[in-house]
Each structure stands twice: as C-alpha cells, then as structure tokens.
Amino acid sequence: MTEPSFYLDQLIPALNRGLVVSLLLIAPAGSCGLILGIIVGSVRAVGGPVARRLADWYAGIFRGTPLVVQLFVLYFGLPNVGLYLEPYTAAVVGFILCSGAYHSEYIRGGLLSIKRGQRLAAQALGFSSFKTMLWIMIPQAARRALPGCGNEIIYLIKYSSLAYIITCIELTGEGKIIATKYFRFTEVFLVVGLYYLLLVTLATIGLGKLEKKLYIPGFGGARR
Amino acid sequence: MSGQNGPVLRVENICKELGGKQILNRVSFSVNKGELLVLVGPSGGGKSTLLQCINFLIPPDSGRVWLDGSEIKIGKKQDLYSFRRQVGMIFQDFNLFDHLNALENVSIALRKVKKWKRDDARERAMAELARVGLADKANLYPAELSGGQKQRVSIARALAMDPKVMLLDEPTSALDPELIGEVLSVIRDLAKGGMTMVMATHQIAFSRSLADGVLFMEDGEIVEQGPIGELLSADAQTRTRAFSAKLNELYEENGS
Amino acid sequence: MNGLLAIWEALPYLLHGCLYTLIMVIGAMALGLAMGAPMAVGQVYGNRYLRASIGLYVWFFRGVPVLVLLFLFYFGLFTLLDLNLSAFKAATLVLGMSSAAYQSQIFRGAIQSLPRGQFRAASALGMSDFKAISTIVMPQALRLSIPAWSNEYSIVLKDSAVAFVLGVTEIMARTHFVASRTYEHLPLYVAAGGLYYILTWLGVKALLRLERKARIPGYHVH
C-alpha cells in the first residue's frame, strides 16, 4: 500500500503541478483582494453616505454567502448573460471579491479605532484629507488590521481548494484525479493535507514575524 | 510683509451653534505680534471651540479671520491648508501621532506638507526637540513618554512649521500636577522669545506674570477683556478677578 | 421571466434542502461544542502531553481545507475503517470535527480572559478541579464565547455548502440539480445565495437573543 514509487513517480509530481496552480491562484487573489479591501474599507469608514452604503452592501453580500455560491454564480451563472469566464479567471475573481469583503471589515475596524485627535492634529498642521489618510490614518489602521487581514490570507490559502469545484485543477484537483485513478484516497489526501499544512504554517510564521517587525510600543496588541 | 503695524491675528464676529446651543456668539478680538493673549472662563464657555474655529478645524457658522492683514477665505482647500501651516495648534490631549517616534512626529509635517528633504527635516526636528529639552527622547514613541513630555513634543512639532501665531487649548489641563511645570516653562520661553500666542488656560498665576491681555469668556461671549494687570488688580471688581479667586482655591499655584 | 419562474417552481425542493443544511450545521456545531469545550479545558489546565496532543489536533483541523477533509474522511478513512456512513452523516461528522478545532480556541480564549481569582476562590472553597471548572469557570467562559460562537455558526453554515461534493442533498446540490435541468443558472444560484443569507441572519438573531437571555447585569470582563 505504500510503495515509494507510487509517491515519487505519480503522486508528488502531480501534486507539485497542482501546487503551482494553487500558488498562481493565491498570489494575485491575496494581493488584489487586500488592495480592494483597503479601498472598500476606507470608503466604509470615512466615505460619503451613498458610497458607504454601496460598499456596505458589497461587503454584506460577499461575507454573508458561501464562496461556493459565489464561484458558481461567476462560472455557471454569468454565461446566462453572455459572460464566459475561464475556470481560473472565475476562481481568481471570486477569491478577490470574497477576500476583499473580509479585508474591508478589518480595515474599517482599524480606521474607526483611531482616536479622533489624530486627524485633528494632522489637519492643524496643514495636511490635506488625502495626505492625512495616507500618512497618519492608514499606517495606524494597517497595524490594527494586521492580525485580521493576515488571518484572511491564511483562509485564502485554504479556500483556494474550492477552485476544483469549478474545474480549475489545482492541488486538490490533482489529488482527486490521482486518488480516483489509483483508488488510494487516504494516502493521497493525507499528503494533500500535508501540503496545505505546510503552506498555512509557513504563512502563519511569516505573519508572526511581520507583526513583530511592525510592532510599536503601546500600539494595541502587545506581542509576547 | 503686509500688516506690519496691524495685529497678527484678527477675528471678527465668530458665531457657532452646536446641538441647538449657541456656543459662540459674535466673538471678536485681535492679537499683536509678540503678545500672549489668555482666554479664561468657566468650562463650556466656548474657549476650546473658539480656538478650533480660528483655524477652521470646526468651521464657524459666520465670522471672519485675518492673518497678518489678509483675510482667510476657505473656498479653496489649498488656501485653507496653507493657512493652517502658519498657525500652530497645541491640543489638551496632545494628539501625537501614535505610530511615529518623537523625532518623526516633529518632522513628518515638514516632509509631507512642506516637502522638505529628509535630512533637512531631521535636522530641524532635532533642533526643535532640543529647544524643548527632549533631544535625548527623539527615538521614543508616544506610549513611552510622560504627559509633560508628550505635550512638549507637540509644541516642538508646531514650532517646526515656523508659525506666525500659536493657539494653545488648555495645554496643561490633562497633566498630572508635577508635570505642569515643565510645559509652562517651555511656554514661558516661547513668550519671552516673542512668539505670538493665544492660550486658553486655568493657570491664572502663570498668566498674570506673562500675559499681555486676557479675555474672559462665559456662555460663548467675551464678557470682559483688557490688559491683565487691570483686570486682576487687587481692587478691581471684575468677573475675571472673582473667577480667578475661585480657581486659586481649587488649584495649587503652579509654574513660577 | 423564466428565471423567477424557475426559482418559484423549485422553491419547495430547495427549502427541503435548507432543512438538510440546517440539520448538518446544527449537528456540526453541537459536535464541535461537545468536543471543543473539553479540549479547551485540556489546553488550559492539562499537562504538557495533553496540551501537545490537543494542539496537534487543532493544527491539523485548522490547517487542512474543508474540501480536502471531506475527501480524506469520506472516501479515505471511513472506508478504511469500514464505517458505512451516509454522505450526510459523514459530512456532519467532518464539519463537526473541524469546527471543534476552532471552537476549542474560542473557549480557550474565553477561559484565559477570566481573572485567575475565579478558579482560586473555587479551590479555596474546597472544590475539586473538575467542580471548579464545571460550575465556576465554564459557565462564565461559555457566556463570553457567545458572540464568537455566533460568528462560528455563520462560518460552518458557509462551509456546509462544500458538502455537496459528497452528494449530500442540501441547498447547493439541489440548486445545481435544478439549474442543470432548467439552464437558469444565474437566477437559481443567486437565489441559493439568498437562502444562505437568510439562514445566516436567522441564526445570528437567535444567538443574539440567547446572549441577551444569558446576560448578567453589570458583568463584563476586559
């Protein structure tokens, strides 16, 4: 049941192929999702009433419904209105929209938690609204939002596996193919699980290091 | 330079209503170069609001402001920002930027608003910190500083912008008694050095020795104003004197 | 419009799927609670080996995606162990084990946020460790956990949609079935999203009511 050749010749190469696809899903989705989250979160915290309501709706919809549904709408649903997306594209778009909504929640919380006086002091020195946001508000909000946003990236690593459901063959998909072909579900999916564990653990360690690096004394969230 | 003979700061008929209450009612005054004007009066009298209306942090409902003879029109945002650069403000709660150390707090406006080079800004910031006696604390963050030190850093931050006038909103009210002295000492040096200042405060004894004029504000109006010696002299039957007597009962005499 | 008509005609069928979804979710939450609470206690009060093993469980079930867990257990381990579980039961079990890992951390955080004095006072009164934990520590910790538990509910609800890959006849599977017959994919999947949204809203509201009922006047912990 555990001939090394199976692992080395069939499983590992296939999974590595899948891993590359997974990383190609995670990297753009993670970065674009974060940027989207920063923009939406800023609008939700300090934007005008109309913009704020639209942004809140977007966040509410994408946080309140399963990612599976969102992916299905993008891949199976949009063709109804003439928009045909490749599995990879649909997956990345879905991940960006979904993680953007969650990031916006943390950014919004971070911005709202900043004392009002910080903005007043910046204005008194002659900072424009935009510069106040850029140099005073966002740097502080980012540190407050870091644990939440970091966790969301880790979630993204895990839910990238759902790309398989809309036929984008990444790590999980390759595993399913091999497992079905050789009828070795337990071994295959244990190894697949280990791949994800490795990614998640590396990301968690990286996040911890980042938090330590950005740490400022007295700034909420003392690191031990 | 225009307005050499006129007042540095002039304010006319400032009105502000907040939450149904008339916080400021046709307040007018002016300050000449090098003068220290003190605002006193009971809490809720509108002193804080007045100061924040002067640099439009709270936009007044009506009224006009002149700096060095030219009127401030806030139609264009750029004019407003440019005006604020020339007016230094010190807050009761210090409002230091929590994510920056002392040096960065003083230099950030120089770099981002006045577009100075990093090294020039750093040099100027160190000079200002030395001026308030905190050169050795340059790398500490606000959370690591005492209240008195934080307020002194905020003064250095305002001074770095070379303001024409400084507005101080009860600068020592949030400080523990033993820390008040160090801040008053810095303010005294500024006054002696010729900085034009408007200060809201409860520190009557300090004001008596340094201020040129006093405005007594109550319920949003200036009730009395004039040279401080007159209003506080022993035989003056003024509201100012009555109020300061009451304060002396509550506060210890500080800052000499 | 064909879309709305398709939704209307499929509604009873889909609502039946809501039932499957809800039972799965409630089952998973209950299993997660039954396993998670003792695990939290073990992690806070247990010895080094207990903490390490629980830590390992938590690391595994929080690090592996739900989809992979479902495949691993349903097609792999359960077959290996000759457990003939239906897809529905298997999915509920896996969701429950996964949720247990997250819930254990919620409860652990709540227990650790209580002042140490609570446990000490109980011990001083002569209570055994077990009694102290069950009568003094846990009731408070559980109350504190309700908001986070409510959040966990909405997460498990969304994860339950993944169970359709095992063939469980819940909302997603049924929507997919109707969509492939009527070709009205977009309206139907949007409707499915709406159903999940409503279920989330109802559940969170119910838990909010629970939190209010369990509230003790003046009680809050920093």
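In order of appearance the chains are A, B and C, and numbering begins at 1 in each one.
By our rule, a residue touches a chain if its C-beta (ideal position, glycine included) is under 8 Å from a C-beta of that chain, and two chains touch if they have at least 3 such contacts.
Predicted, not measured: the structure shown is a model, and the values here were computed from it.
Chemist: Measuring from the mean of all protein Cα atoms shown, which chain centre lies nearest?
Modeler: It is chain A that sits nearest the middle.
Chemist: Computing the C-alpha centre of each chain, which chain sits at the greatest distance from subunit B?
Modeler: Centre of mass proxy via C-alpha means gives C as farthest from subunit B.
Chemist: Have a look and report which chain pair racks up the highest count of C-beta pairs in contact.
Modeler: Most contacting pair of chains: A-C.
Chemist: Can you compute the centre-to-centre distance for subunit B and subunit C, using the mean CA position of each chain? Integer Å is fine.
Modeler: Between these chains, centre-to-centre, one finds 56 Å.
Chemist: Roughly how far is subunit A from subunit B, going centre to centre by Cα mean, in whole Å?
Modeler: Measuring from centre to centre gives 47 Å for this pair.
Chemist: In whole angstrom, how far does the Cα centroid of subunit A sit from the Cα centroid of subunit C?
Modeler: Centre separation, subunit A to subunit C: 21 Å.
Chemist: Contact residues on subunit A for subunit C in the complex?
Modeler: So the residues of subunit A in touch with subunit C come to 61, 64-70, 72-73, 76-81, 158-162, 164-165, 172, 175-176, 179, 185-190, 192-193, 196-197, 200-201.
Chemist: List the residues on subunit A that touch subunit B in their complex, please.
Modeler: 115, 117-118, 120-128, 131, 135-136, 139-140, 143, 216-219
Chemist: Using the touch rule from the top, collect the residues of subunit C that touch subunit A in their complex.
Modeler: Counting only subunit C, the residues touching subunit A are 59-60, 62-69, 71-72, 75-77, 79-80, 154, 157-162, 164-165, 172, 175-176, 179, 183-187, 189-190, 192-193, 196-197, 200-201.
Chemist: Which stretch or stretches of subunit B touch subunit A in the complex?
Modeler: Listed in rising order, the residues of subunit B that touch subunit A are 52, 55, 57, 77, 81-85, 87-89, 91, 93-99, 108-109, 112-113, 141-144, 154, 157-158, 161.
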